[in-house]
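When the chains are written out, they are named A, B, C and D in that same order, and each has its own residue count from 1.
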Amino acid sequence: MMLCGVIPILATPFNDDESLDLVSWQRLIRFMLDAGADGLTILGVLGEANRLTDAERDSLISSAVTTVEGRVPLVVGVSHAGTFAAGVLAARAEELGASAVMLAPHKEPVANDERIVELYKRVARATSLPIVLQDHPASTEVQMSAALIARIVDSVPSIQAIKAEAVPTAPKIRALREQCKTHVAILAGLGALYAPFDLAEGIDGFNTGFAFPEVLKAMVSAAHSGNFARVHALYARFAALIVFEQQPGLAVRKEILRRRGMIASARVRHPGAALPAGSALHLDRLLAAAFGGQDLSHKLEV
Amino acid sequence: MMLCGVIPILATPFNDDESLDLVSWQRLIRFMLDAGADGLTILGVLGEANRLTDAERDSLISSAVTTVEGRVPLVVGVSHAGTFAAGVLAARAEELGASAVMLAPHKEPVANDERIVELYKRVARATSLPIVLQDHPASTEVQMSAALIARIVDSVPSIQAIKAEAVPTAPKIRALREQCKTHVAILAGLGALYAPFDLAEGIDGFNTGFAFPEVLKAMVSAAHSGNFARVHALYARFAALIVFEQQPGLAVRKEILRRRGMIASARVRHPGAALPAGSALHLDRLLAAAFGGQDLSHKLEV
Amino acid sequence: MMLCGVIPILATPFNDDESLDLVSWQRLIRFMLDAGADGLTILGVLGEANRLTDAERDSLISSAVTTVEGRVPLVVGVSHAGTFAAGVLAARAEELGASAVMLAPHKEPVANDERIVELYKRVARATSLPIVLQDHPASTEVQMSAALIARIVDSVPSIQAIKAEAVPTAPKIRALREQCKTHVAILAGLGALYAPFDLAEGIDGFNTGFAFPEVLKAMVSAAHSGNFARVHALYARFAALIVFEQQPGLAVRKEILRRRGMIASARVRHPGAALPAGSALHLDRLLAAAFGGQDLSHKLEV
Amino acid sequence: MMLCGVIPILATPFNDDESLDLVSWQRLIRFMLDAGADGLTILGVLGEANRLTDAERDSLISSAVTTVEGRVPLVVGVSHAGTFAAGVLAARAEELGASAVMLAPHKEPVANDERIVELYKRVARATSLPIVLQDHPASTEVQMSAALIARIVDSVPSIQAIKAEAVPTAPKIRALREQCKTHVAILAGLGALYAPFDLAEGIDGFNTGFAFPEVLKAMVSAAHSGNFARVHALYARFAALIVFEQQPGLAVRKEILRRRGMIASARVRHPGAALPAGSALHLDRLLAAAFGGQDLSHKLEV
């Protein structure tokens, strides 16, 4: 299994009463597959994993497994405040048919690198699935140096990818490449905000929630063929949209998914903020400027 | 139902492999009842609730309900990053036989008082149980002013108690008394560190994990009969123990419970810290000084 | 005096031994004036104000006053952990010839809106200069609601501008416009990352450290003439540069200033991070792509 | 010079208009010397150093040097957001006659142990004075492992003492003793809250703001003669006072100093909180209980 290319992070669709909308869930998954996704990651930050019950997690995983039908790797977020529970979630994801798990450390009152190493070792013992190590201090409030991540990667063979989301990203990616003795995929996140720099550093793909995987596919393809002029041209064309979408708050992202026909409601679970006043109008203009007359509800040409 | 007096917060006992130890759980509960607890709170911070799976929560609640047999109120912590899930946990606690739920707000990227009010309103709609509002910024990183808490209490009738753990506690308790129009119980926490001041402010009891409810009972009793000289004498006698126990890290607390014979292992779930080097020796001296030759595994005379 | 248009935030130039470089300081100021700056702000976050002694502040202010010669407003940052000292700094800035002061609140252990109102009232009493209220939670860790800012603005007449840097910026700017009864200028910051959205919300200008005021001037001019197609075209052209520059760490910004010939060294004072590995190469490409063969050491045509 | 025994941290006295009260300053210093202080530390957290201008620092240092007349070591806090400025403050303290400086690291967006080592090395080059390394995460938000502190101590010979204020303190002190190859004094802080445990770990003294150095002297003396029963008896007698005083907010501490006649006003500089409602009454009772009929304005017998 290769964790590379464009692996969208999926939002979890809710009905307007905040209950799970599994119909939208399946439509969202099929849409992403049709748009060329090389894998799918569910139950991450954008998936509001921290606002779900364990039973809801099971429903979402099972439904995703059924819908994906093994066509691409299905990565399941299993980050948890407790290591034991993270192991339980990982084992459960494996039992339900996931292809890999994604795991970030939990902030503790006193930072302790040794315990972060142990976290990955323990979860690796709880599941035979490959692990994606997520380095996203903006959500975890945990800072892992490149040296620490390299040490984890080199001592936990089942880690096959790093989701590199610590800013500034380019020097961190460079340091990870230099310091990891084991080869692992390095995937960019953060809504592709730093796409041209991350691609120039030789990332293996994107693992992020930007709602237009077609755009990311085109960038990866251009970068892999050495055509960085095209990477920059694509970035220039979509930068305003990328910047708008990566703002704090998930409602903007879910609203774009809704407009693309992937999900029925942009509802974010409380206490997450609803779409801010004025955002719909900004989006109207951005989408018109970026895609002209194209029908957003189909795979886009970029 | 009255939420007052001494309501211990229970630790969750684990075996050395970090699995649940339900035998110790029942022993712990019975011990606390025998020691005179006026209620019990489970699945709070000391209960490592954030390191449990939902299935483990169910086991612990059911086992506690069975063991308590309705003799005292059983309060179940239901704090969750998501409001919807907190409501589900509250409904589930009710279904399993709990007497009340305890709820603290979750830190959001942008603080928003309105959403905290909504949190309590929504959970109150999800369960018919009374609610204990927990104000513990040290664990939640959420600051609620006395005015905000009063507003919540006055607009959510099912809130029957406030667990007042924002330092400095005495002026906060005073402000809550002045600003809440509705009468609610105010309970002190924080390991009873501020016991003499909190009692002088007229609290209705303790809701904390200090492993010697006998001591807290004696203090409450002295305070209620106006004997503050005895409150101070009790505090002086046990202050070193109280101070030692309330230090960050749960292992010290669990070690005391173990020494009292309530639980079989002081194990804290990873990534929680184990008992620090030297702490066992400090405890030996403290317990000897505080209780002399008494057998800690029985209800103590204070 | 009008605080609008493009008001660059100036970096403080240091020699390689971290001592003040007042020669570069004057060159930097003259360059910005020649490039069309409508005002200048010194001693802000980019100015590493928190790493300066009071004597160094005096030197920088005096030198700036002399160099600006009153051609445009000179705004001096006076944020301080203590209100009394902020007042002293404001009075001193006035004495030395500044045109206005910029002030952000200081994070306290317990957040308290009332004290933030008092801060602005007290500093307004300490100086007769106009005040720019800075709302930048990323550096202050203080969150001010639009309602609080409106209350401050409406009760402190000397506040003449808001530097609106709380994300997401567009809805905050909209809310400020709606809730402030007094008219004040609203200026965008954050390296112009959200320029098209901020301009669409009707900001009065930019108050930020982006090293190409020519670009910001062109955007403001386009927006004021209603030509948002040009705003978007400009943003697309410079977005990669804007995104690169606004990354955490001031060294990238100072390196661009150095390349433009404004300052002699990109040195950031310890413990600030030096230019990360690889960043020089990214910059080479970005500047070549954005400005082609133009000489960066002169005012650029955009 | 020995940095051991009881070295009070001094509050900075202000008049009711928040201006410096140098008369009280000298009275405070003389009082502490008369009470048996083995040294004095000024311009720390309790000294509200972060709310002072550089000119005020100079006044306070000069006045203290004059008043102390070399009888005991005078330690001056020089922590600053910038390393260069910390060096300037240290050199200035030396020039004005200080005996040593106290230095804590500054929180940076990305934690970096190497830069903390450099901080101490650089300040050690800026002054020939001995350095007290302060480890107080509660105010700095910087966590230094025992291994990091040992590395700093072993590579910066002028560090002669560690102010050990990271909780839990006892295991940290133990680890520092084990890991530092160089002998340095270890001093307890945190208002002496953990006095019996810190003393049992063999600390060399107290470096804290507790307003009764007589009590700390008695504890140190008892511990040094191996009389831990007396240590515990003293702690029991004064625990409620110690606990009350170490609560967040400096006003309580300054109020006690005022009652002892050391300073004229308990004023804390804005935005620091004033004495909370009810605190005066709690203090009345605590002081009466702890010291009976003794005149607090003289050296107390304990």
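Assume a residue touches a chain if its C-beta (ideal position, glycine included) is under 8 Å from a C-beta of that chain, and two chains touch if they have at least 3 such contacts.
Remember, predicted model here, so these are calculated numbers, not experimental data.
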item	value
Relative to chain D, chain with the most remote C-alpha centre	A
Distance from the mean Cα position of chain B to that of chain A, given in whole angstrom	37
Averaged-CA centre spacing for the pair chain C and chain A, given as whole angstrom	33
Chain A and chain D: spacing of chain centres that average the CA atoms, whole Å	48
Set of chain C residues in contact with two or more other chains	110, 248-249
Category of the chain touch graph - line, ring, star, complete, other	complete
Of chain D, residues touching chain A in the complex	110-111, 143, 166
Of all residues in chain A, those that touch chain C in their complex	167-168, 170-171, 174-175, 193-194, 196-197, 200-201, 228, 232, 235-237, 239-240, 243-244, 247-249, 252, 276-279, 282, 285, 289
Complex contacts: residues of chain C adjacent to chain D	18-19, 48, 50-55, 80-85, 88-89, 105-106, 108-110, 112, 115-116, 118-119, 122, 248-249, 269-273
